[in-house]
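The structure is given below, and queries will be raised subsequently.
As written, the chain order gives the labels A, B, C, D, E and F, with residue 1 at the start of each chain.
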Amino acid sequence: MRPNNRAADQVRPIKMTRHYTAYAEGSVLVEFGNTKVLCNATVEESVPRWMKGQGKGWVTAEYSMLPRATHSRTRREVTNGKQGGRTMEIQRLIARSLRAVVDLQAMGEFMITVDCDVIQADGGTRTASISGASVALADAFQYLIDNGKLKKNPMKGHVAAVSVGVLGDEILCDLEYVEDSNADTDMNVVMTEDGRMIEIQGTAEGEPFTHEQLMALLDCAKTGINEIVAAQKASLEN
Amino acid sequence: MRPNNRAADQVRPIKMTRHYTAYAEGSVLVEFGNTKVLCNATVEESVPRWMKGQGKGWVTAEYSMLPRATHSRTRREVTNGKQGGRTMEIQRLIARSLRAVVDLQAMGEFMITVDCDVIQADGGTRTASISGASVALADAFQYLIDNGKLKKNPMKGHVAAVSVGVLGDEILCDLEYVEDSNADTDMNVVMTEDGRMIEIQGTAEGEPFTHEQLMALLDCAKTGINEIVAAQKASLEN
Amino acid sequence: MRPNNRAADQVRPIKMTRHYTAYAEGSVLVEFGNTKVLCNATVEESVPRWMKGQGKGWVTAEYSMLPRATHSRTRREVTNGKQGGRTMEIQRLIARSLRAVVDLQAMGEFMITVDCDVIQADGGTRTASISGASVALADAFQYLIDNGKLKKNPMKGHVAAVSVGVLGDEILCDLEYVEDSNADTDMNVVMTEDGRMIEIQGTAEGEPFTHEQLMALLDCAKTGINEIVAAQKASLEN
Amino acid sequence: MRPNNRAADQVRPIKMTRHYTAYAEGSVLVEFGNTKVLCNATVEESVPRWMKGQGKGWVTAEYSMLPRATHSRTRREVTNGKQGGRTMEIQRLIARSLRAVVDLQAMGEFMITVDCDVIQADGGTRTASISGASVALADAFQYLIDNGKLKKNPMKGHVAAVSVGVLGDEILCDLEYVEDSNADTDMNVVMTEDGRMIEIQGTAEGEPFTHEQLMALLDCAKTGINEIVAAQKASLEN
Amino acid sequence: MRPNNRAADQVRPIKMTRHYTAYAEGSVLVEFGNTKVLCNATVEESVPRWMKGQGKGWVTAEYSMLPRATHSRTRREVTNGKQGGRTMEIQRLIARSLRAVVDLQAMGEFMITVDCDVIQADGGTRTASISGASVALADAFQYLIDNGKLKKNPMKGHVAAVSVGVLGDEILCDLEYVEDSNADTDMNVVMTEDGRMIEIQGTAEGEPFTHEQLMALLDCAKTGINEIVAAQKASLEN
Amino acid sequence: MRPNNRAADQVRPIKMTRHYTAYAEGSVLVEFGNTKVLCNATVEESVPRWMKGQGKGWVTAEYSMLPRATHSRTRREVTNGKQGGRTMEIQRLIARSLRAVVDLQAMGEFMITVDCDVIQADGGTRTASISGASVALADAFQYLIDNGKLKKNPMKGHVAAVSVGVLGDEILCDLEYVEDSNADTDMNVVMTEDGRMIEIQGTAEGEPFTHEQLMALLDCAKTGINEIVAAQKASLEN
């Protein structure tokens, strides 16, 4: 039995609180159960130097965890003088996922940075980050439209992400920490709201996985993504 | 007139939310008006190497701002490979302030680290940090007592801090950002709950200040500190 | 038509030169067409500090490119003071892939580091690295057996990797640089020699990919992996 | 009794040697007893990028200790790859103190950097640095006047600094190392030559200090500052 | 007796393989016995910022060792965040040596970087690097001529380098690792092809050396240099 | 004519002030004309970890320049986060030179670090550093003897260093800055007091140098070394 009697293919309760902080152009506190990530989107009226003059925009992301987001305290990365490999992997993934649903040409020479700072971590921080960042990004584009700087929203739709895994004989959706740390296979799936794939990253921590297991994992991910997209849409209607 | 019709010697509305996150032994979200800082206290059953075997404990602090806590986005310090001078000054101040109200000998070989992460910054982040960290620290010591690891609370009382400043002809208490950035003199005062001084740091940004102005600033600080101490005590009674 | 008239599901000519350098316990120059990577395995009779005393071994990997492995010169990472995100991602992937085919418990308290240094880069450096490192690792274990330090080879079989991609309407195997830089989707697949999956990492650079495309990519990868495993086995028989 | 029979409110013998090195536009070796600091002022005909085109000048400072300025050897900060928190605090304090007595608008687009390098440290290195740097800065401005680049000296007067402290029952002025390391409260006071305050930084290392003690410390500082200002003026008359 | 019956003043078998990699404008694998260094010359159509607009070119070099070039594995310098002192010394020596045989004025505003990456190290890696880099540099200039960017080769001749040493009573040429690590004096001599000196660096590791020993070392170096220059010329005739 | 009518083979006036600072076990301010270097020797009762338990001692050195030792200000190396190549080369040279005249076995498990900090730089800072450090080292060993920690001085004699150069047709000794920056060849020679060589480092900045020029440079260096050794001996007799 999963904690809180969750079904195998059920995601945790999802909550998206918009306008969580006052200054960011988009600010969403996303919660996947006990996992809480603050996604703040910042609009800047310039692009990185290597993009100047192309008439295109850019979307990027940064990811970090507060030291005590975790069960025991994690040392700040600044103390080591550099970001760790895990952080870099995650923020590159978030950024690619967001760019996949934006028409960079249509957004003009603006840059949007989405900072995903994990307040509390109970598994799935990267998938919660992507899912919340999509909403913060939508708010940031709306800000540009409201201020007469853009005519039309350059987002092609939402992007959502979920983790799925193999734990013993079971295929589980949206793993929390205790599940994740015992899973044989851990897979993160990023999809557009219409169900096409943007990223798929699966790793066998224990036993290699078979083609059949992969098929089941993808099925399970699809179910979860649908729930998350529904939550994204609901939050924007408030 | 000050924003929200505040009197010159009045602090902003103070709110302290305990147990804000789930894993830290002490976790307080402190709000001084729009300034919001998450203070998480972590207990470790060991002390830094240079202190080992002395039977004494240690209390330290770290301070950071989320990139979009500020009106425009601030680059993460990890990107520069090191903490800036302002951050170091502030976290050293927080740590000294906390240690001033703890009997390190009585706390045994434990180390408590209080992480002060600024969620939203509207002036006074360091004084809010100290004031909230004092409560988080009290909760962390209570945790040690509840778990049979300490017999008696080694805190001698609360420590609270407030900023005061000279703005034109006026002496103001608990400056918010628009006031702080225009003040001639900015002073941070850290006191014990019984009104003795732990730290006093005053800087003339514009005109040097006179002895008379200093006296008025200290008076004003005393008034503010009393309100903050009342809020600390109230929060611990809930 | 692909360069050199390659079929869509055909890998480039694969060459594995063992004992390429004189001092490493395993040393393989692996070539996938014009991509050339030197994989040197080093055996050390100790494990990282956090593993000491558990009776288990460890396998890790590092990855780097010579500055002029690429068409234009790439700045050395040491000049920036740290490894880039891409390097970290790749070396973590290589290490995980190798560990997936080793019984760490059976190998005893030895550590093997496989250095993958790219001499010439024409696409697929990470998949060539994994495939060559598997052979270098096998040689390093044989060295331990030959020197009476291990009784039995703790490798469960080979690990091989290949890239596949969607380029226009086509599904291609083992992309070279000109193909890779134009692909809509790029996927790296790491498999055991018996065809089970260790890692799968697919990214839509342009259009998101469909479930059908994913199925075709996996089929194509399986074909390529079989050819690579054959080359690995052949090289060890010489 | 204090070392060398000093009275409680008496500063150590002060010596300021101008033109100590040959190339700097201002070069002063300042001695407060056994504390010796070389203050070299460098004039550059440009300002930091963020100030360009405003017609204003800038004054900054850097602080460092030679490794064997101290009783036991201190590791060079470059070996750690960055300046420590104490160094940053001190050099920011020196720079703010100097700027407080300069009319930046009147000095034009010049930048003056004052390097304070401690040759020998026996307490009070930051207050000696500020006091000596004021003289070096005056010489640097004179250099600009002598070379026809400035019409009028933009310094509004001298800035001087002294440390005061509570040691047991006594209030002491200009603490040397053995006193400083035993003091309950340590305070640095920076004043203009006419006795107004620029910075005041007091820290209770042991017991918190009372309002009465603060008053006594400020009195004591005033006496010391007067002696230092006299020494500054005398040195410039030679 | 020396390994492989070498005479005291005899260099190891020298081999220079041009066009070793496909993309560099000059690419030479140089072998001095078991020492193998890949020298890749890169042409860029710009010079460092501080040289712009002077109409002159620049030649620089970088040096690195693969981790397992050595008998036991050497940690990558990027892991330490910076190059070590030995690496910096060697790459500065290589660069100065190359520039000594180039007419920088005649080469125009091009920059050539020669990367010397040690594949296998058995003593003399810096002298092999210089000797191989000279040939790679010649090829890079030929590339500029062949592409109509230069009219005339700005190299004044070859530069070659050899190590000589005092081992017990003997003066040896081109020391390999086992000799080098036991030598009392180790000297690197860099000469033009006509026998004039560019660099001479001699270090007494054990006993100081006499004027007579220095004379013998220089004689021995001259003999070795002649053989290396012959190999350089032969390689360019193929 | 040379500045101050110096003869070609004449060193600048040499001055060695012992006990320049109060805390170092050996402290010498060495002056070669306008070049001034403070050499402080620190004794520690332990050796680096890799030497522990061998019963041998270690001598090392560090070198740095104050920012305004030079005609225009030089940025502190700590600001770049690391020492530059020139600094590393020089401090390695100083350390090797000192170790060459010490019987490390006889000195026991002590470590002596000589810090050479350049107060004013007018050419020849590395040769002045070595020459002054030799005296500071002698004082540090005397300190160990005076305190009963060593029976006998483990120094075998003094080490001295001088620069020589080719400037036009002339061979010059102990070059000052204006000469050094125009020289075709610059050579540093480090000798024992009995005239044997420890290090010789010659670099052709312009034209390569001939065997005859090398002979003349060595002759010239010998003359200079003798004068420096005389100054070292005289300073120790005071």
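Just so it is clear, a contact is a pair of C-beta atoms (placed from the backbone, for glycine too) under 8 Å apart; a residue touches a chain by one contact, two chains touch by 3 or more.
Remember, predicted model here, so these are calculated numbers, not experimental data.
*Asks:* Listed by label, which chains are in contact with chain C and with chain D?
*Replies:* Per touch definition, common to chain C and chain D: zero chains.
*Asks:* Where the contacts of chain B and chain F overlap, which chains show up?
*Replies:* Per touch definition, common to chain B and chain F: D.
*Asks:* Taking each chain's centre as the mean position of its Cα atoms, how many Å separate chain A from chain B?
*Replies:* 33
*Asks:* Find the geometric centre of each of chain A and chain F from their Cα atoms only, then give the gap between the two centres in Å, rounded to an integer.
*Replies:* Chain centres of chain A and chain F, defined by C-alpha means, are spaced 60 Å apart.
*Asks:* Quick one: chain A and chain E, Cα centre-to-centre, how many Å?
*Replies:* That pair's centroid distance is 51 Å.
*Asks:* Give the residues of chain D touching no fewer than two other chains, as numbers and ranges.
*Replies:* 81-82
*Asks:* Listed in ring order from chain D, and going the way that reaches chain F first, which chains are there?
*Replies:* Starting from chain D with chain F next, the chains run D, F, E, C, A, B.
*Asks:* Can you name the residues of chain E that touch chain C in the complex?
*Replies:* Per the stated touch rule, the residues are 21-24, 27, 34, 36, 38, 40, 42, 44, 62, 64, 66-73, 76-78, 81-83, 113, 115, 117, 119-120.
*Asks:* In their complex, what parts of chain E are in touch with chain F?
*Replies:* Contact set of chain E toward chain F: 81-82, 84-85, 88-89, 92, 96, 100, 187, 191-192, 196-204, 207-211, 214, 218.
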